[in-house]
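Below you'll find a set of structures to go through.
Both complexes below contain chain A, partnered by chain B and then by chain C.
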Partner chain A sequence: MIESAIEALMIVLDPSRLIYMFLGIGIGVIVGLLPGLSGTVGMSLLLPFVFGLEPYVGMALLIGMIAVIHTGDTFPSILFGIPGTSGSQATIMDGYPLTKKGGASRAMGASFFSSMIGGVIGGIALYLTIPFARPLITSFSSPELFMLTMLGLSMAGLLAGKSPIKGIISGILGLLIGAVGSAPAVPEYRYTLDTLYLTQGISLPVVAMAIFAFPILITMLTDKGSVSSHAKLQSGILKGVMDALKNKFLVFRSAVIGALIGFIPGLGGSVVDWIAYGAGQKTVKNNYFGSGDIRGVIAPESANNAKEGGSLVPTLLFGIPGSGTTAILLGGLTLMGLEAGPKMLSDDLPVTLSIVWTLVFANIFGALLCMLLVRPISKISLVPGEKIVPFLLVLLVVGAYQSTMSWGDLIVFVVIGLLGYVMTILDWPRPPLLIGFVLALPAERYYWISIERYGWEWLTNPLVIALAIIIVLLLAGGTIMKRFSKKFESKGGI
Partner chain B sequence: MNLLKINLFYILLLLMSAMLIGCNTMEATGTENDKNASTSYDGETISFVVPFQAGGGTDVFARFMTPYFAKHIEGEPRVQVENIPGGASITGTNEYANSRSPNGFNILTSSASSHVPFILEQSSVDYDLDDFTPLIGAPSGGIVYTKPELAKDGMENLLSLENELYYAGISPTGLDLVTLLSFEVLEMDVKAVLGYEGRGPSRVAFEQGESNIDYQTTSAYKSNVENLVEEGNAVPLYSLGQVDQDGNLIRDPQFPELPTIEEIYIDIYGTEPSGEAWEAYKQTVAASYSLNKVIWVHKNAPNHSKKILQQGMENLIEDTSFEEESQDILEGYDAFVGEELNNQIEQSFSISPDTKKWIIEYLQLHYDIDINKL
Partner chain C sequence: MNKDYLNLIFSGFLFSLFTFTLIEALTFSKLAQFFPLYISVAGVILTFVYFIAQVFTIYKQQKKEENQTILPLLQPLKYIGWVIGYLLLIFIGGLLLATVIFLFTFLIFESKMKLLSAGISVVFVLICVSLLSSALDIYWPTNLIGF
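Presenting the complex of A and B:
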């Protein structure tokens, strides 16, 4: 396989194909940078041009774009606290506080470097898992997938902040919103208010934008003044890179988490940033996650780039898309005369390997390009809020409307946005709501299938029991640690 | 202080917004067409409504067709795909029927998921396929396969199994309906576990043993199941077949070696299959597979435009490069045009009231589905 890998490298480095990769990178960075536009939009934009292209060229274009979206989407997350795509929500938690303290450049330096390393690790993970993909993927049956969604949901508890009760209620609210639309397994529509629009459920980009961006816009208007309270921007890209280097194990751990979650079909990679963030919060000593800890930026950014490598495994080898982006990629493959399936490992192996290389190169060049853009773009954080809000609002509204091209999107955007604003005022954590929303459908689907297929027998699967133990440890560990820190705090208070 | 740069940023934002709005050219060209409803396609744009998300099977089919349309329709119009996803294709089809001008510059593609709700008259369906004129139609096929250990004692043994067969499906109103009805006709005891995300995940469920009888459509079967068959991990049982112009079930031309369920039924029960389940099966095969995808134009579009479009389709299937290139997209089947297409449409979409009633009751009884609520 090494020989073919080198052959594929030569194919990728052919100048006529490199141009397409750079084109893809450019588009990917812009799509990521504009809040509201995600990989799905980028793919739909490129798809018409892919038709009839040579597979290597088309793949350079598409994969080049996919690879760097989660690099470019960091800009709005860090500068405004508005997620650039739904994959960089967790970056807000610490990135935005850092910007407020004038550390935008440092945060971005750290994040781009982590993105680069994470993305490269994702590419390597794709290469390494190719021979084992089949047995690995078929080892997850519905009961195991159900337990994995439960593991994801228990992350909501970790991210709840000070009040676990508020976190749980927020998570349940997310599950409720996720239940809107047609039920996954029973022929039933829920809370559709007799509109055809709601039968498809509410789309993730709209919810993610609304719940985080809408409240920020209001705050920007009411607070006046610019985002960064410091008049001078510290130049700190290099400092950020050093931060990431210092935390190399965190970068690596998060990348592995990202690749693994991307790899598991049906779980949906949309929560990967939160899971990496939660895991980081658990494992990093002396952290102050949530109030401007650089490590809170590093963890999710490394994971969300690594995810793409992982999620290409089920997409290419099984034709099972893990996300909206990879679903369109499947269509792109057909248009270029390829078919996802085992043939991608035999006849079409060079294409698969060229994808690995493109993933690696695009991540490196994408991150470098973003670092060059830091200086001009971070000046935006000095612009007074009331001047920037109209532009952001236009972008967000177009982005929301783009998701299904229906007026319903705009109404949902405002309604969920107001909910988000109320939650900010009452100091309720919003991440659990998002996790609940994303996992509502898969959790219900796999629970239903498990019961329908196995009755209660599945509860005794060894993997199910192992996952259950991990969940209990995670939840109990959280409360024990919180109690411990409370004791510590109250002692300190006296 | 940095006024110049900030201004630059504003301009950049404006440009980006303009670019985004520019992406939305569809609507603009649509209204322009309304004004000058000319009958020539010279230099004009045809808006091609695809009621699915970009990248799906029907979308890929539509995008594959567009350059050939542009080439073969007199006047060489531009053809632009417009995706209107939602409601499993019903949203976009409704919109085409009710909000698009019938000026001959708006065409639509439908698929099995718009056909079956139409013949069953689901309440969300706000279109009438009889109000559209078909231009070109394409078939697809499906193959049912099982585990070798279950198949080794023959079909007869398979039919005698009780509580042992598991089928992983998506929803009983989609393409799964045809497969479920084939079990019904053969009186096979299969437990259908529904709710899987797609045919890919349900195939993985088969591979890991969560299900042990499954089906895939022709191209997915060829790319993902044939290797399982070679490895000895799957055995094909029958093809779902095709319904010909006379309403008979025939073997799938892509899999001439595989029997239809009619042949299996005769083999085992000694008589020809009959009754409402059999009629319902043939009806759904016709509407879901024999006409898997159809491209339409409004029936009340100008006659001249319809003629040009239909002539374009006839030229198109004569094109040898189309024949070669379309192997993957059309899964090796021949497309229908002209009289043949009209006969096939007649065959597929005119359902007898009894059969319709039987299907609705079948869904209600087995899957608790109230068709009036969908």
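Presenting the complex of A and C:
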């Protein structure tokens, strides 16, 4: 396999193919930069062009784009607190407070470096799992998938902040918004208010933008100032890189979490950053996550790039797409005359390995490109709110409309945006709402399948028990650690 | 307005919302019902508990005559009005026309920009939107007559 990997490396480094990879990287960064545009939009844009292309060239273009979307989406998340894509929601939690303190460059330096390392680890994970991917994927059935959604939901509790009851209510509200539309178990519509738009459910990009971006727009206008409260931006790209290097184990841990969650089709990549963020919050000592802790940027950014490598395992090897983006990628494979499945490990192994290399290179070049853009782009955070908000609003309206190209998207944007604004001024945590929303459908679907198929027997499944223990440890461990540290502090520490 | 009173009103709103979804869930078939029903029940109980706790908080504060946080509402409402106004303009005149009117008036009246700067900014945005639309195959909201 090593020989095949070297052969694939030579193929990827061919200048004619490298150009396509750079083209993909450029488009990926732009798509990530623009709020509301996801990997699905980027893939749909490139798909017509891959028809008839040599597989190595086509994959360089598509994978180059996919790999860096979660690098480029960091700009709006850190600068404005607006998620560039659904995978960069958790980055806002500490990235935006850092920008307010004048540390945008530092946050972005740490973020891009972590993204690069995470992406490379994701590529390596893809390479390493190729020989034993089949038993790994097939070991996850609906009960385990349900427990994984519970693991994701437990993050809502962890992110509740000072008032757990507000966090739980917020999460429940998210679950309820996620229940709008067709029921997964029966052909029946719920809470559609007799409108056609709501029969499809509410789309994630609209909810994410509304709940985070709308309140920020209004707050920027009422506060009458720039995002950064400091008149001068601190130069800190290198400092951010050093921060990431100092927290190398956090980068690694988060990347492993990202790759592992990526393996599991259907769980939804949108939750990976929250899980990494929550895990980081529980494992990092003396943290102040939520108020501008650089480690709160490092954890989700490393995970969301690593996820891409993991998510390609079920897509390429079993033809099971884990997201809209990978579903379109499957279409791309067909257009290039390839077929997802075991053939990708035999006849088409060089193509699979070229994908691994492209992932690695695209993450490195994408991060470097973004680092070059940090200085000019972070100056935007110094522009007064009332001068930048109208332009952001135009961008957000166009972005929100791309979800289903329906007026319903805009109405939902305003309604949920108002809800988000009220929650912001009344100190209700918003991340649990989003986590609840993302996991509503998988939670219901996997619970229903588990009960229908296994009755209550699935509760005795060893993997289910192991996941339940992890959830309890995560929830209880945090509380115990907090109590210990409080006792320790009250005694004066060491 | 007093932040605690607003919190009380908000929790009351959430309680009503969860009650509505609970009643609505009872009309669904059994397989479509279990998930929203359980969630709604949990929501009703928790918001009720929070509502009562909030009433006690306000009562205690009034007894102690503590300083209360006052939230300004007029200014946010004005800006929310701008957002809704922009959407209404899109509905009537389409995105391009609405963007021109909204951006120009906002930049002049709220951002206090000079006419020339505001004009250049509007033209720049229109060029960007048009380029994005053709390059990235982006669609924009249409108006009443589908333009």
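Throughout what follows, the second predicted complex is superposed on the first by the 477 of 494 C-alpha atoms of A that agree within 3 Å, B and C clash if a C-alpha of one lies under 4 Å from a C-alpha of the other, contacts with A are read in each partner's own complex, and residues count from 1 in each chain.
One rule holds for everything that comes next: a contact is a pair of C-beta atoms (placed from the backbone, for glycine too) under 8 Å apart; a residue touches a chain by one contact, two chains touch by 3 or more.
None of these values were measured; they are calculated from a predicted model.
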Answer with first, second, both or neither: which of chain B and chain C does A:S139 touch in the superposed model?
-> first
If you stack the two complexes on chain A, which partner ends up touching A:I172: first (chain B), second (chain C), both, or neither?
-> second
Please work out whether A:K100 is in contact with chain B alone, chain C alone, both, or neither, and reply first, second, both or neither.
-> neither
When the two structures are overlaid on chain A, which partner does A:F391 contact: first (chain B), second (chain C), both, or neither?
-> both
Touch check for A:P376: first (chain B), second (chain C), both, or neither?
-> first
State whether A:A185 touches chain B only (first), chain C only (second), both chains, or neither.
-> both
Considering only the touch criterion stated at the top, classify A:R253 as touching first (chain B), second (chain C), both, or neither.
-> neither
Please indicate which partner A:Y197 is in contact with in the superposed arrangement: first for chain B, second for chain C, both, or neither.
-> first
For A:L330, is the partner it touches chain B (first), chain C (second), both, or none of the two (neither)?
-> first
For chain A, which residues belong to both interfaces, chain B and chain C?
-> 30, 34, 37, 44-45, 185-186, 391, 394, 398, 402, 405, 448
Enumerate the contact residues on chain B facing chain A in the complex.
-> 2, 5-6, 9-10, 13, 16-17, 20-21, 23, 53-57, 59-60, 63-64, 67, 81, 83-87, 90-91, 94, 124, 166, 168, 171-173, 191, 193-198, 200-201, 203-205, 207-211, 219-220, 222-224, 227, 328-329, 367-369, 373-374
What residues on chain A touch chain C, complex-wise?
-> 30-31, 34, 37, 41, 44-45, 165-166, 168-169, 172-173, 175-176, 179, 183, 185-186, 188, 190-191, 214, 217-218, 221-222, 384, 386-387, 390-391, 393-394, 397-398, 401-402, 405, 407, 410, 414, 417-418, 421-422, 425-426, 428, 440, 443-444, 447-448
List of chain A residues in touch with chain B within their complex = 30, 34, 37, 43-45, 47-48, 51-52, 137-142, 184-187, 189, 196-197, 199-200, 265-266, 318-321, 324, 327-332, 334-335, 337, 339-343, 376, 379-380, 382-383, 391, 394-395, 398, 402, 404-406, 445, 448-449, 452-453
Chain A touches which residues of chain C in the complex?
-> 3, 6-7, 10, 14, 17-18, 21, 24-25, 28-29, 31-32, 34-36, 39-40, 42-43, 46-47, 49-50, 53, 71-72, 75-76, 79-80, 83-84, 86-87, 90-91, 95, 99, 102-103, 106-107, 110-113, 121, 125, 129, 132, 136-141
